[in-house]
Amino acid sequence: MASPEVQTVADVRALRDARRTGGTNVPALVRAVLSAMRMTLVNLFRKPVTVHYPTTQRPYPDRYRGLLALVYEEDTGEEACIGCRLCEFVCPPAVIKVEIQKGEKRNYAKAFTLELYACEFCELCVQVCPTDAIVMMKSFDMATSDRRELLLDKDRLHTIGLQHEQSWATGNRLRDMQGPPKLAKTAAPKKVPPPAAATPSAAPKEGAQP
Amino acid sequence: MSPAATPARVELDYAGSERLTMNMGPQHPSAHGVFRAVLTLEGETVIDVEAVIGYLHRCHEKLAETLTYAQYPSIASKTDYVAAMTSEFAYVRAAETIGKIEVPKRAEYLRVLVSELQRVASHLLWLGTWCMDMGGALGGGATIFLYTIRERELILDLFESLVGARLLYGFFQVGGVRYDLPDGWATACRETVDVLEGRISEYERMLEDNPFFMARAEGVGVISRELAEEVGISGPLLRGSGVAYDLRRADPYSAYADFDFRVPVESSGDCLARYRVRMVEFRESLKIVRQVLDTLPEGPVSSRPGLKSVAQTRIPQGEAYARIEGPRGEVGCYLIADGKAKPYRMKWRGASFSNLAVLPHIIPGHKVSDVVAIMGSVDPVFGEVDR
Amino acid sequence: MPEWLLPVIAPFIVLNAIIGIVTYVTLLERKFAARMQSRIGPYRVGPHGLLQPIADAVKLMMKEDIVPDAADRPVYNLAPIVFLAPCMFIFATIPFAPGLGVADLNIGILFFLAISAMEIVGLFMAGWGSNNKYALLSAMRAVNQVISYDLPFIFSALTPVLLAGSLRLSDIAAAQDGLWFVFYPVIGQLAFIFFIVSTVAAENRAPFDILEAESELVAGFRVEYSGMKFALIQLGEYAHILGASFLGALLFLGAWSGPGPEWLGPAWFLLKAMFIFLLVTWVRWSFVRIRVDQILALSWKALLPMTLLLLIATAFVVVWRHSGVA
């Protein structure tokens, strides 16, 4: 694969030597060297940008995509997850596994496992969730020496949800932000909306139904 | 003994000259990722270079056949992980071209905004790693590296408050973008842009006319204009050799036709020319960012409703090739759709993959130290090369 | 005290003091470089990182000593010692105060320059004995570079010798009572600049550190050394830098002269040596490195003629001054 057909070694050398400027401009040289050294000296007296990490915490922005968690409904205190498995289907690396448990008024998730060590933190599961059950936290501190601790089951996910601060993004907020402008755009609906088609004409009905 | 399998390596040629075969192996502080260059040296001069790639192959193209149009954009970031927005842009544009999906104006402007910010961030990383390759991890190179990383953190902070992630975003979706600007973001962006302009002037002061830097960069790795046009390189490599070709002007996509910016072209073709091209691109990108912030229209950020299920987006049968001017060159995505929720075939045109083809033409004749300088100015990212 | 005791104790004290200073000089360099790069540097080990060098030393002592299978055993094992010994010897002739030194030879500076040129043997032994192409390439570059820069180093160091009229280091220091040699019009400043440049190059510090170029040769001739042998090589390198800083302070900055009582002399000496060390460090962290052929061109085509001319000019000045006075 060696022989270059378009440019030969001699061509390279010729091109390189043609660019060489003859002679050295000593004052310009000295000035350039001192200018570079002055730049480092200026930075010597600037405040460092690094902080002492565990003692100084960084303020995380509102939309930070950190650890995943399951949350409870605000008004009833029940688990918000209805076991619909939409997050399981949308997850690109398929780290979520859900088992549905049917109930009289609403469904629950019997088992919910999330393999955090393979999670991409892409927020797609948050986006599709119809009940805002799975959310991301404003924290990522879960370094551990045992990978099994990162296989999160439902209880662990609920615990994480109570321990840290939740970020802004929930399913309904993201969907409201992305779609064409709808009528109901303010707060996320508190009840479980009926699984209607995602057409704008369904929007007024959603807000009206109890 | 199988003759064809093992390539012949001449260790010592006793007929006078001494040739050494040295491996600038996949694990190397300046391989820019995982790249193996088998150099044949005569003393300190490189006679031949054989590039071996494939150490980072992760089957992206097959993966795209198993993921839907809603799932793949966040994976697409991982090809060119230094400039993640570019890869997502190419994939999403290809899907939109086949499906003839309209993208709202605000979404187009936001796409341009993040692409240009991403270009600045990618060039900052390029400058830092290139100087570190030339200067050493314990030396002046590291100083410039830490300065550029410090500035890149400002841009990543902006992305973090917009998207929630710092490196691999998932910002694009078919039909628009996923996130709208939060409150106060535009002000923060303007402040960051002002700080960056000042810092870029600092780098120029540190490097321009610096005799050590010029000695390493001037006349090194010259790509002649004929070679540039024949080999198929793109991006700053092409523009540093005198070919005025920038996709944002030659084949305008998204909202680039609405903005006023200059495309820098240098004619000398050496590392210094490519450096100059990228330094001008810094400032031009910041100019575009300011224009976008000034003229950002109101409206929705996506023409498709928000994602409710994984197979929501179906693209009708067709094929398209969408190309983007990324920081490294032309990033292209060729998509064949067949009406389902997953594409039939997707092929990436990696900018770095085609740019690496120029190495065996320009490296022989230089010294070993020039190899790293040239590699740095070619600026490959091996996620794009190996996919 | 018996006659023979002092010459035995003095080197022992000096060696230990030098080793102590060398370890803390690494911390000084790391903090200084960190502040220039907008970061903090070692902070957690001890208050403000003051125990970091101790931690590094303990770590290196506890590391496994890996010897490559195909290495040339005697050469490989002896190389760190052959490299370290001259770097320690150079402190023998440096007087830390009038009358306070290990051996104030009447050819003091000649001894320093000759011994410091001996390290190149150890360096090449390390590169050859490792049986590694990277190490060999680096060792060959090193021999080229150090030999090329020793000549301008010697000539620029000889300029103060001419001005003082003696090879004995304490005489040179005493001759700077009135005016430090660096303040001599034109000659002093030029000699100081050439001395700094050739020191930086002869010690393989950036921008002339082509032989250890991490980004190309991954630690160069040291690449196959681990554990205590690596520690010895590091010790030797920093001791050489420190020795050259002390020499520079003595030749150009007036050694122990400074305001205050006499017993503060060694403290001033240390301060001046640290100033030169920080100057060298500042240069190191500001520039990218240049290629080996450019380094050699700089030495042979620029530095050597200029230092030679400077030496001849200094000789003329000295003769003119003596004939003017007498």
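Labels A, B and C are assigned to the chains in the order they are written; within every chain, residues are numbered from 1.
The rule is short, and it goes like this: a contact is a pair of C-beta atoms (placed from the backbone, for glycine too) under 8 Å apart; a residue touches a chain by one contact, two chains touch by 3 or more.
Small disclaimer: the values here were computed from a predicted structure and weren't measured.
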Original post:
What chain lies farthest away from subunit A once each centre is taken as the mean of the Cα atoms?
Top reply: C
**OP:** Give the identifier of the chain nearest to the protein's overall CA centre, each chain being represented by its own CA mean.
**Re:** B
**OP:** Please compute the C-alpha centroid of subunit B, do the same for subunit C, then give the distance between them in whole Å.
**Re:** 43
Original post:
From the C-alpha centre of subunit A to that of subunit B, how far is it in Å?
Top reply: 22
**OP:** Report, in whole Å, the distance between the mean C-alpha point of subunit A and the mean C-alpha point of subunit C.
**Re:** 51
Original post:
Which subunit A residues sit where two or more other chains touch them?
Top reply: 33, 36, 39-40, 43, 49
Subject >> For subunit B, residues that touch 2 or more chains besides their own >> reply: 140, 143, 147, 150, 206, 210
Subject >> Residues of subunit C touching at least two other chains >> reply: 36-39, 285-287
Original post:
Quick one: in the complex, what on subunit A touches subunit C?
Top reply: 33, 36-37, 39-41, 43-44, 46-50, 52
Original post:
Where on subunit B is subunit A touching in the complex?
Top reply: 47-48, 50, 67, 70-72, 74-75, 140, 143, 147, 150, 153, 157, 160-165, 168, 170, 173, 176, 178-180, 182, 202, 205-211, 218-220, 222, 224, 226-227, 230-231, 268-270, 300-310, 312, 360-362, 364-366
Original post:
For the complex, which residues does subunit C have touching subunit A?
Top reply: 32, 34-40, 43, 282-283, 285-287
Subject >> subunit C-touching residues of subunit B, taken from the complex the two chains share >> reply: 20, 22, 24, 28-30, 44, 131-144, 146-147, 150, 206, 210, 212-213, 215-216, 367-372
Original post:
Can you name the residues of subunit A that touch subunit B in the complex?
Top reply: 1-2, 4, 6-7, 9-13, 15-21, 24, 28-29, 31-33, 35-36, 39-40, 43, 49, 61-65, 86, 89-92, 120-124, 127-128, 130, 136, 167, 169, 174-181, 198-200
